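Working notes, beginning with the structure itself.
Labels A, B, C and D are assigned to the chains in the order they are written; within every chain, residues are numbered from 1.
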Amino acid sequence: METQVINKRMGRIIADGLMVAYFLFALFPIFWMVLMSLKSTDELFTTQFVFKPTTENYHAILFGDPRAAAGVVAKQEFPRNFMNSVIISSGSVLVSLLVGVPAAYALARYNFKAKENLAFTFLSFRFAPELVVIIPLSVIYRKLGLYDTYYGTIWVLQLITLPLLIWVLRSYFEDISPDIEQAAMVDGYPWWRIFWRILLPLVRPGLAAASLLAFVFAWNTFMFPLILGASQVQTVTVSALGYVSSAQAFFNRMAAASVIASFPQMIVALSIQRYLIRGLSFGAVKG
Amino acid sequence: MAEVRLEHVYKTYRGGVEAVIDLNLTINDGEFLTLLGPSGCGKTSTLRMIVGLEEITSGQIIIGNRVVNKLGPNERNVALAFETYALYPPLRVYDNIAFCLRARGVPHGDIDRRVREVATMLDITDILDRKPAELGGGQKQRVSLARALVREPDVFLMDEPLSHLDAAQRAHMRSELKRLHARTGRTTVLVTHDQLEAVAMAERIAVMDLGVLQQVGAFNDIFNNPVNKFVAGFIGEPPMNFLPCTATSKGGDVVLRATDGSFSVKLPPELAHKVNDHSSDQIEIGIRPINIVAAHHPNGNGAVEVEARVFTFEALGEEGQLAATVGDQQVLVVTPATEHFERGDKVWLEMQTKRLHLFDAKTGLAL
Amino acid sequence: MAKLVLEHLTKDFGNVRAVNDVSLEVEDGEFLVILGPSGAGKTTTLKLIAGVERPTSGMIYIGGKPMNAIEPHHRNVAMAFESYALYPHYNVRDNLSFPLKAPGRKFAQQEIDRRVEEVAELLNIHMLLDRLPRMLSNGQKQRVALGRAMVREPDVLLLDEPISHLDAKLRHRMRTEFKALEAAIRATTIYVTHDYLEAMSLADRLVVLKEGSIQQIGGPHELFVNPANVFVAQLLGHPQINLVECTLQRTNGVLELISTDGAIKLEVPERLRGALADGKLDRVLAGIRPQHLGVANGHHPASNVCSGTVYVYERLGTKGTLTASVGAHRLDVLTSIEESFVIDEPVSLTIDHTQLSLFDAQTHKNILFN
Amino acid sequence: MTGNLASVHASSLQKQEVRARLPFLVRARPYLILLPALLILVGILIPFGMGVYYSLTAYALNRPGSLDNFVGLRNYDRMINSSGFMNSTTITLKYALSATSVELLLGLGIAMLLNRDTLLAKILQTTLIFPMMVAPVIGTLIWKLMMQPSVGILNPMLNAVGLPSLQWASVPETALFSVVLVDVWMFTPFAALILLAGLRSFPREPFEAARVDGASLWFTFRNLTLPMLTPYIIIVVLFRFMDSLKQFDIIFAMTEGGPGNTLMTYQLTAYRTSIQYLRLAQGLPYAVTLFVVIYITSQYLVKFWGKAQRRAAGYSS
């Protein structure tokens, strides 16, 4: 009997060891990024961990570099890029909500002929390579004057945020028993009032989580603003690339920009822990 | 086959919840015993301790002549049919039954023979190639039983086997389980919260409540001389009526007066002496609805009867069910199919003294 | 309050006919019970009346007005759902007051509070008013669902299996409580159930449904004693009515029923002789209820007695059920719970032939219904 | 049988039929509330259609009038015979297959470890999703920085354990390894979370029954855990294989398809040819071909997932 107890304990130690190893691999890059963002330029090339942390990098990218030599590309547009990202991401989530929430309800509750293929077409947007749509749009947008505008980028981001919201909310609407809706009808409420006072409140947690997740994916996109945007609507993801290719390799500033650009997602990740699985799997897996 | 002895068995879960308290119970070799009690009374914990799925906090469980506390579930040669059948979803019925034999490395030829043998016994030979989810409740139940029986265990345990079946299947499975036990003579333990099921099937019933064994005995002992108010109230449907009274004795006669003063009755000699020997005067009368005769006018000749008013009367085909109010109490009476009562009528409830029970109001113990 | 009329109501889901040509009149204030096994179309019928389902054909009238073109929220119909369907994010008070705050219903706030308090008192859930549905037991949820349907005193009240999801003990208690409640309900009410005890106890009038079609309409006692067909006879009563296939024989002037294997011989009761007079029927099914069979202890008259052996004995609730095998038949006999029998011991049974029902062996229809 | 219904409403049923239908707005409601979504759907299908059309012409932005020169499948023919096509196809498939398989296996391992519900597992699980939340471009830049010979930390770490330094993405030999490493770092949490949710959705009793049946851990894993986990595995494959087939951000941020053509996948080729060299007609065929491959595979995988879900739940599907 004793051997069984021992190798049970050994098993647990090995398992914990492996788990810690993976989480080191997963979290170290983020930790190292924060570290780099606190290194002053002269200490940049020393690789030891002990150093005097400084906030000069954050200062530089947020308020402009006091010691900037003329030729160096002054990176103070970072705050503007950050605002661009906020506007574009929240804009596309808002449009997707206005369009997606009723559509998700219709796909959950009513059954009509083309329902499943319609739902699958939205899903296929998520998997389709976006270039097939973006390349033609790069021509069309220039003709329509939508190139490098908020509206253009928000419109094309529907490719990312709309399918997610429709599928996740559809699974939340399907969780509500039709009896509850019918009870409200019998209690004397027209359809849209029922939608507003019963159905929406019941999917609110799922709605919030799906919107935040859609915000993160919209925030993280790179190809859309890269091709269909320029200086006007440059997002943090596109601007981050600028640091590396500029003449003077400001790695520590890039790290600072990366930290600020990744900060919102971490908050989102922590706040919607429970609903994460359902969002990531488009409603297929109920965590 | 084997006897199962539980000696001073305790089960305390993390956080101090005492699920089983000082349980002493012997299940004789070849007996069909039911472990009955409301949900949360410790019956399932007891079952899981016998099977080995739950640690035994203290005390001993002996199966046959082996102390099994330290043995794993597969070393105790016991079999459990789960409440939710717990069939292996991806496997066909044949593989479900053969699973434990394959796990023990039994040669292929024997596996096939034993699986077909037990399938014939439970008459599921026609669904051996089907998958669990395609089966009806009754069929799933039989596969779960076959899987437990194929290993010829010393003790066969069942956790609420009939609770997920519809009425017709339940009645059918009740007689099948009884016939199965009669044929195999294997020591069998059934855990259920449904007292109808327990009464209908088992030779002996062990009633548990709040982790404590209340009473063990054959149906007649438990039904006719319950040891306390809990057992009396739990067994029997519709449940026993309880009328709280105060006892006074005047010159050898004992009179029980209802605490709300709505009635008083003189006890016949065989009951009177019990009250006299008892320390407290707070007594509760216990009488089953089938042991009360409702009459339109008083009987009078010394019968233990109480005047009441009809609250509701339900004509149910084979019998009637009368709810009569006595003071602020409601008394249920089962009436013959031919009787009829109107709401608000006066009615006299005569209690059959042979079936009248007396309990101490505070402790609930039978006098 | 209003009279409810259904005219040739039919509802198809794809190629499945859930409700088949149901025509029914429910008087103002009547408590009608619809009884039938699951899948008989009971709930669909309720949902057609409430308007949440559209009829394939046929008309629905409430208080003489056609309802087919009117949306549910414009019909003064209330419904308690089998799944309770309480609003999970509202507490009990808001669930109860929700119908009263519907658009088009002008109830002053204190009128709403008064009605909510009153119905909460009636169903004794006044101490639960601030709780959320998920904190309630099934019994409590059932009462809140009922309260929500009753609170606005609708013209028509629809109750879909209100107490069938409770455990046996609680269900019996709730049935008695419902019986007391019946007096307080003034609306025209349809109560749906699959439990014959609820039907027998609560119904002013009883409708038996099978696969969407009405089998019989009448008082509960009438249906119990005089079932229109074998289905109704088997549905009402536990244990089920015994059915013995017999042939008719006239021996020395007395019309007798002989079971096909000859083990059972019964006299045809007076009231059934007329229907058999034309002699067209040769094979019939004799319906004998278990309570009309008894265990003979020797001194009974010769006729209407048969002998067999004990197949199985089971105590259930207030009675014991003895299943005796008599020839090729298995007869259930109701006994007192105190009895006990040994498997396979011989037993002789007496049959009260006066309570007999007879059914045509082919059509399963009661011979008294032409 | 149904009692003599004194039909107060004797008027013929057909006449009633008109008053029996619900108003038009109510009956059309499902389609009305779907309308906005349908508009956006059309708004995306139009450019998609134009994209396919462009790939059938000789359209190049720097050559006016080239749009009206319809050439049919010539571009596709040229693409297949072009020198870079074979390399592009193999690199796209290699990237997708290696990334998906490593993430699946590593994810399964992590899920099994986290499913043990120890305190440590619960704490670590909250941070499991972080790598996936970082924008792919930014995550790649961080790894690129760590791989930097001068300021990077990876080579010093390798040397510390006695391994030689690597040139990571700057040489063809280790370029693919570097980008797949970043993909694995970023998306293994997805596989782990889905498979963990799968493990936690299993009913407890069958596994207890297996213990009572005396089945070994491996025997239970192979006969019970794996078959019941299949639908979740398919979801991971569906999402990861499709996404890594069209991965753009990681490769672009790391090497823009370099060194040379080593990492020129379909997406990168389509981007460089259409956007950088403005030759839409030559770039689009790559994107359209990738779309067709992904559409067919995802159809098949979704169907397969439906079947697997039924089989895992115990139907013979």
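Methods note: a residue touches a chain if its C-beta (ideal position, glycine included) is under 8 Å from a C-beta of that chain, and two chains touch if they have at least 3 such contacts.
Not measured: the values here are computed from a predicted model.
*Asks:* What chains touch chain C and also chain D?
*Replies:* A, B
*Asks:* What is the shortest path, in steps, from chain B to chain C when you may only step between chains that touch?
*Replies:* So the least number of steps between the two chains is 1.
*Asks:* Which pairing of chains accounts for the highest number of C-beta contacts?
*Replies:* A-D
*Asks:* With chain centres taken as the means of their Cα atoms, state the distance from chain A to chain D in Å.
*Replies:* 15
*Asks:* List the centre-to-centre spacing of chain A and chain C in whole Å, with centres computed as mean CA coordinates.
*Replies:* Between these chains, centre-to-centre, one finds 57 Å.
*Asks:* Which positions in chain C touch two or more other chains at once?
*Replies:* In chain C, the residues touching two or more other chains are 71.
*Asks:* Which chains touch, pair by pair?
*Replies:* A-C, A-D, B-C, B-D, C-D
*Asks:* Taking the complex as given, what residues does chain D use to touch chain A?
*Replies:* For this pair, the touching residues of chain D are 26, 29-31, 33-34, 36-37, 39-41, 43-44, 47-48, 50-52, 54, 61, 106, 109-110, 113-114, 116, 118, 120-121, 124, 126-131, 133-139, 141-146, 148, 150-151, 153, 156, 185, 188-190, 193-194, 197-198, 201, 232, 235, 239, 242-243, 245-246, 248-249, 252-253, 266-267, 270-271, 274-275, 280, 283-284, 287-288, 290-291, 294-295, 298, 302, 305.
*Asks:* Across the complex, what residues on chain C touch chain B?
*Replies:* That would be residues 168-169, 172, 175-176, 179-180, 183, 196-197, 200-202, 220-221, 224, 236-238, 289-291, 312, 314-319, 334, 336-337 of chain C.
*Asks:* Where on chain C is chain D touching in the complex?
*Replies:* 5, 7-8, 23-25, 54-55, 57-59, 61, 64, 66, 68-69, 71, 214, 216-217, 228, 369
*Asks:* Touching residues of chain C toward chain A in the complex: what are they?
*Replies:* 47, 50-52, 71-74, 77-79, 81-83, 85-89, 98-99, 102-105, 148, 152
*Asks:* Going by the contact rule at the top, pick out the chain B residues touching chain C in the complex.
*Replies:* Those in contact with chain C are residues 174-175, 178, 194, 196, 199-200, 219, 223, 237-239, 289-290, 311-312, 314-319, 321, 323, 332, 334, 337, 343.
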